[in-house]
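In structure tokens below, several structures.
Shared between the two complexes below is subunit A, which pairs with subunit B and subunit C, respectively.
Moving on, here comes the complex of A and B:
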């Protein structure tokens, strides 16, 4: 190729279908399928006394009604606890349909199957459930008090408890010349993809039975294994196909959902196609949320602002059940460290049951909370010492010559928390240059003269990306010369089809237009983990690159034989294998594919060339050489040693309205390091979307539960998801510190944008207002009330900040 | 409990369909499930997200807030499947979305495309601020809107060039901008 495709801002191949109405999302499939709908608990905590379905039975179009009593075998057992961990004390998971108790509003109690969704919902509203209402437990404080218990048989609400220590933090803090204590809080938000969940199942009763399942999920192979286990099927009897997915943001990695086992189970019971498409209210109350945590930070530091000891206690709200284990609080605990080396560190979390929707990873997956704790601490240290906030960070960051840096802990993948690469001092320089940190005081004075209140803040993060265990890549050249690529993980808008095609085009030497990529289809790749933790480019990108290199070797070997040349003298340009320096001597890739597969039968002109009498044969060798396989394809798997650590810094300038307390973002700057960029346009798109969710979580979104466990804002009318009018323009500068851990030198980019947003915006609002901001999100009315409390002396002022940084060596 | 059905005629993307629906059938469901035009997506079913936007007599409307029987009283409905030109050439807003990376998962995209196509008919040359305002009634969870706003302005450019000289001329006169990245690469 004359120009490298890796690193180029290539337009997406997905967009043709998605801009013409040609996408196929879950509910676009199965036009003849019956519809499922669910009777869901209206109560946060209750015991089911009786379910009366009589009134539903005369609904026109009704096919079946199921309750827990219809379930047997593994279907009658609780859903799996997907990620066990030694810290889990009592891991509760839901039943596919509630057995006796319901533990949150929206929990499925009965399933209706009918001709269409209208009829199914007619039946749902005629089913009467008699509940004995029990006490709701909302919020971590109530959960920790344990006056009311969520789950039968438990003495308190603690699902998991973990203490991790590096050094002796309490002693280090005790001996430190300066100490501070902070109480922090972040509220719940959620992924809220535009397309909710959905499942469509087709049962084929021939030859022992087989299931084709379509699900709007982030893991095809995970759903396959989970459903096979519940339905007592062999893996070979289940195919899972993931169609176009309308966003996931972490939510859709949870599997199997109750609906995800009920729909295929009922499809087999009834021998009919069944589809369930989640509606928006169901999504709010019955899928999953994240973020809710309270944190107490104790920190000891020297007069230069260097942290000597850090002790963090976290109360984490995990909702009604623990199907995804304790990934989120583990990520908070470990990624809290960011680009810093805090000396001694102790972190303790209690993960608590409440009678609310489950808590599972949402983009960032515990990192926004961790970064909030660390970055609020950095600002507090700076204010305590009268130092510039950038200087304090510069005093604490890990230096490039300290890489790889071992934080001495185990990460969420159970492997060491060792940073592979990064240049944090440069990152700090870049973000302060981009936002104009050193010129801000001048701007503040100008604004003040106009009666305006402005503030600046920044926050840094490190993100472990690309965890294993592995992903695979399969690359095949057809006799037409077209290249088919498959990887097992799924896509929810990241542009994997484009990015992976760029990898293949670059490594194989074929045009993008000849490459077709399939993701998330167990028929094409049965070994896979899924799309989460910013791992697509790292794991599947690497696997596809390795498979392509393997395939290229085979291409060159076969072509070298045919061209009577040395493989080392060949190159592949625009889909043609040719001798370097004499391009006339060569053959199309499709011809190589023909030669790779000796045939007995001729189907067309191309295959005729591969039949047994078509050319000279070597009678001393079998048609397919030993250790070779027919066909031109390559498969490989990439299994990372451990995560690769991306990093970044955000800086924000806000203006707060002196009268209305509205917060307006004037500038939002991002420095982002995800190693080598496969496609900068796609990476920037990921950053934009992440920042939008970060701004949303900082200023607009919260899950407003009342004390009874009712979600008061379970609609787009009431949950303030930002429109274009709320999301600022984002300025991005890229730093590229390649990862030494994978063949592409890439790091994950999917989650980054959201991670430091709450911390950076809190810092900027604090800077504008002159008093501490310890809770996010912050609404205008909350800021208004904080101002009143500050005026009454109930909240301490932030000291006037130094006008300029001291230009330290580190920075 | 059998529902009464109403036979209605809907002209969608220039084709007249006759379909029997109950009175409560939403236009969005009728388009998707009765006519098989699944490009129109349903994101909330309460008229807030805009994913189901279609053009009803040229005006953007939320098809989840309209009954199919009411839609039959209008002349003409255009869905995302009907935006392309007679020869299948993409509408300027479809080209602009691809050029500007204005979509990621693509679920909300048909609603934005129909909205913007309708908007540009009345506002052929919006400023950046006007473009942002124009799309501020539709939700997108992936893009952060920045590239959607750019795509509105790019679509306006392409459309103007097309009105002057047809699609071929448009491609010549409004060459695709070099895909840009904010800031430099270090």
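Moving on, here comes the complex of A and C:
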């Protein structure tokens, strides 16, 4: 295998298994385990007066019922606040089971363990909870008013408050020749992975006890540490194994969930295997959502459209609790800047409690909201000045020769917001060329002549990816010649098995078919952070590459000894170490592995070759040289200095039906820069999935809470996840600006596709309709009512210059 | 999402099925395709104590077509009826409606008769039955009876069937000679229940003048709502028919409601738009029908 594998469109090696029913997901495990089910609050806010379990005790197959009163020690304390940030004023987290109060529909109040899930649900149905119903708080406006309070003992609903300033934005806006104000809103959506959450615990009481925990999570090591702390176990007593995971999209980075501590706790109490598989209704009300912001933008700009000052105020809905801290509004605040460099910037957010499901990062993690604010502002500036929308963006982007560019803020990882590389002017040229920006007005005229209404929009983003602290890689050659690779972060369908195998195959010189990759298993790699923030390729990819280089050095050293050659004269081709230029002189990697581990006992032909009487011994050296270890393996860790910043732009052409107000996407174009591509097919798959969720958030999905805090669409019948029939064909052009920060030159690609979708689609609908779109998502019914208001003069028309850029090669 | 315990019966004769269902009384429920009942049971929104599975009953899985219309047995899956070319020729509205019923996977299991018995006011096949003036054959402890569509749909998820009765078949009469039909709807996603849907039948005489026209509305009334459009369009040729007047007739009769997907006003607006579209398409089909096989031209463009 002499062709380079890094950068090749290798087919996903996991797909055969996953698409032919060979996957092993959480619910495929533990078929004999007892089942857990939870009594959940039907109210958004209530005080628990009494829990009566008497009726449930008759249920055939019931094993145990637990309420808060059964919990002691750390289990009786609130779940951890995972990311404590100085801006947090009062960080409330839930208890594993509700203690006196519930703060959202779906909050677990009691746990039932039974022979199977049928019996468990029968028991759940018979447990009667007497609630004193309290005031629900739904929506950031209500939360900010603070006439109703979510959490007992708080004077208002503000969980966190943060102001960040670069320069003096209010002064810059005050002095600017042009100013605008925009009020914007993005509604809630959610990750909604195909597989919900799930936990399966086995307690082993031998030798002081040990826990094997399977969880459908994005962080095996995080769950391990969190559960160990709650159950007062040593880390060494807890193994966490993550099986195949059917999607996470950020949701499963939250840990430990109440269910994730209750299931292992009960398994230990009862000394029985227990499994809990979340059902879809539970998932909608009791896991997590995202988005959900109101923004007020004030901007001052010169006559060229260059932003002199930008002031953004954000009301962020964080739901009932704050277990994941304020990552989302911090990401919004910082990534709002995108590829642009305003003269001065001030951003302020209030993160607010409401009596709804918690808000934690969902693919994009606050960026779609930030991009919406910035890109709606760009379009408004263009319209105000009568300029082309692309030209205004071109006037504001950071130029390649300004890289690395310091935005002067701290990013979500607490490190400086410094863009490492990127070519934003080229990105703008590529996206407008791809979509045919300058030819659009001709198309619009043709469509108009047929009675059709079309519009075009675009949006740009920058995404900080691959945050630390670190990931590790372990690469080991077996005596069979097979290569086993492990990294600690988990996989939810991204294609890590393929991408990491490509890295190893390329760096070591072995065929892909000889490589087996394991992720998310604390038995194989105990040091890890997790899969989130588009960090897998950057962190684990780099760590595995570095570990492979270490391993290769060892291979060459041992083989050089055996072949009596200089390591520098050796190469590894197709799993065979050989002398450059004379391939007959060489040995298989498996043989090198045999030599690396001197043995006393022989078990088979291979091990016989490694025993003490097998060859000529050098009596002046110990069998294992000093500073060496037996075995052919390499381990290394990659800890990034800071994030690497991917970027991209989307352009969309929509058609809006003049009669029915239906919105149809005619073209969806993507220019994407994630640095060097490990595998373009995987990256395109990530972009496709991201765009699908972007279109979902723009045109279909929302979380319809009523004023009482009931989620009205908690099923796939009413939560409108788009089908394949609703997702457009996606046209992609890649730009590759390598990152200087990691050995592979890669940037993250996992979230990119979703980020600018709402902004770009809003812009295109606005362009088709001729009035401002400042709230997303938008349904046909809502567009119909906006048209009516526009016809009545309640909404102003947008004065728009025909789409045509005055871009030149120079800008 | 696991159902409560229930007793399961799988009788092999209709008489047994009727007897078991009668014994169960109000706690009994018939299982055919299960595309609505099973999810409701899993979510414990329905908890029948007795389930009578009719899938083993002989003779209920046939589509019988004669010159007068199409009789569809209780076990005929949507897909099989959709694929039946003879049925589609005799009553084209069957296929026009069926292709809008959910998705192929659901149509593979769900039965047309089951959908009608479920009587969801947003479902297509009840509207097809209502528009064509069809009937349901139901069997109970006291024998078999036929219930006309007008009497069958009594409210949302409510029918004129008595406790202990099993729907055996649905009969869809062939529209009068010179008729064309259409079914149009607007849904949030392909295959979803429509925010509004309209089925239409238009009949032309030899002079290509409209002699009869009716529309049936889904998702904007408690039952599939049939509106006679004769007053607005009879006597006109399709190209000059006053479709706006037809839309007015519909607007007076529908009772749309707000929900999370669409406002009542928007649904009412869609009812108007779709009335015009459905009548235009049905008239176009009627013109094709009247012209017979072979090339033809229509003056239908003016109607849109």
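Keep this in mind: the second predicted complex is superposed on the first by the 802 of 811 C-alpha atoms of A that agree within 3 Å, B and C clash if a C-alpha of one lies under 4 Å from a C-alpha of the other, contacts with A are read in each partner's own complex, and residues count from 1 in each chain.
Keep in mind that, in the parts below, a residue touches a chain if its C-beta (ideal position, glycine included) is under 8 Å from a C-beta of that chain, and two chains touch if they have at least 3 such contacts.
What you see is a predicted model, and the numbers here were worked out from it, not measured in a lab.
S.K.: Should A:118 be classified as contacting the first partner (subunit B), the second (subunit C), both, or neither?
M.R.: both
S.K.: Of the partners subunit B and subunit C, which touch A:569 in the superposed model: first, second, both, neither?
M.R.: neither
S.K.: For A:279 in the superposed arrangement: first (subunit B), second (subunit C), both or neither?
M.R.: Both subunit B and subunit C are touched by A:279.
S.K.: Between subunit B and subunit C, whom does A:433 touch in the aligned arrangement: first, second, both, or neither?
M.R.: neither
S.K.: State whether A:31 touches subunit B only (first), subunit C only (second), both chains, or neither.
M.R.: Touch status of A:31: first partner only.
S.K.: Looking at subunit A, does subunit B or subunit C touch a larger number of its residues?
M.R.: B
S.K.: Mind working out whether A:723 is in touch with subunit B, subunit C, both or neither, as first, second, both or neither?
M.R.: both
S.K.: Could you list which residues of subunit A make contact with subunit B in one structure and with subunit C in the other?
M.R.: 118, 122, 279-280, 715, 717, 723, 725
S.K.: For the complex, which residues does subunit B have touching subunit A?
M.R.: 1-3, 22, 24-25, 32-33, 36-46, 48-49, 51, 79-81, 83-84, 90, 94, 97-99, 101, 103-110, 113, 132-133, 135-149, 179-186
S.K.: Where on subunit A does subunit B make contact in their complex?
M.R.: Contact set of subunit A toward subunit B: 9, 11-12, 14-25, 27-28, 31, 58-60, 116, 118, 122, 192-195, 244-247, 249, 279-280, 426, 430, 434, 492-495, 677, 680-682, 684-685, 688-693, 715-717, 721, 723-725, 727, 729-736, 753.
S.K.: Within their complex, state which residues of subunit C touch subunit A.
M.R.: 1-5, 43-44, 103, 186, 188-193, 195, 260-263, 265-266, 269-270, 273
S.K.: Once bound in the complex, which stretches of subunit A touch subunit C?
M.R.: 117-118, 121-122, 125, 279-281, 659-662, 700, 704, 712-713, 715, 717-718, 720, 722-723, 725-726, 779-781, 784-785
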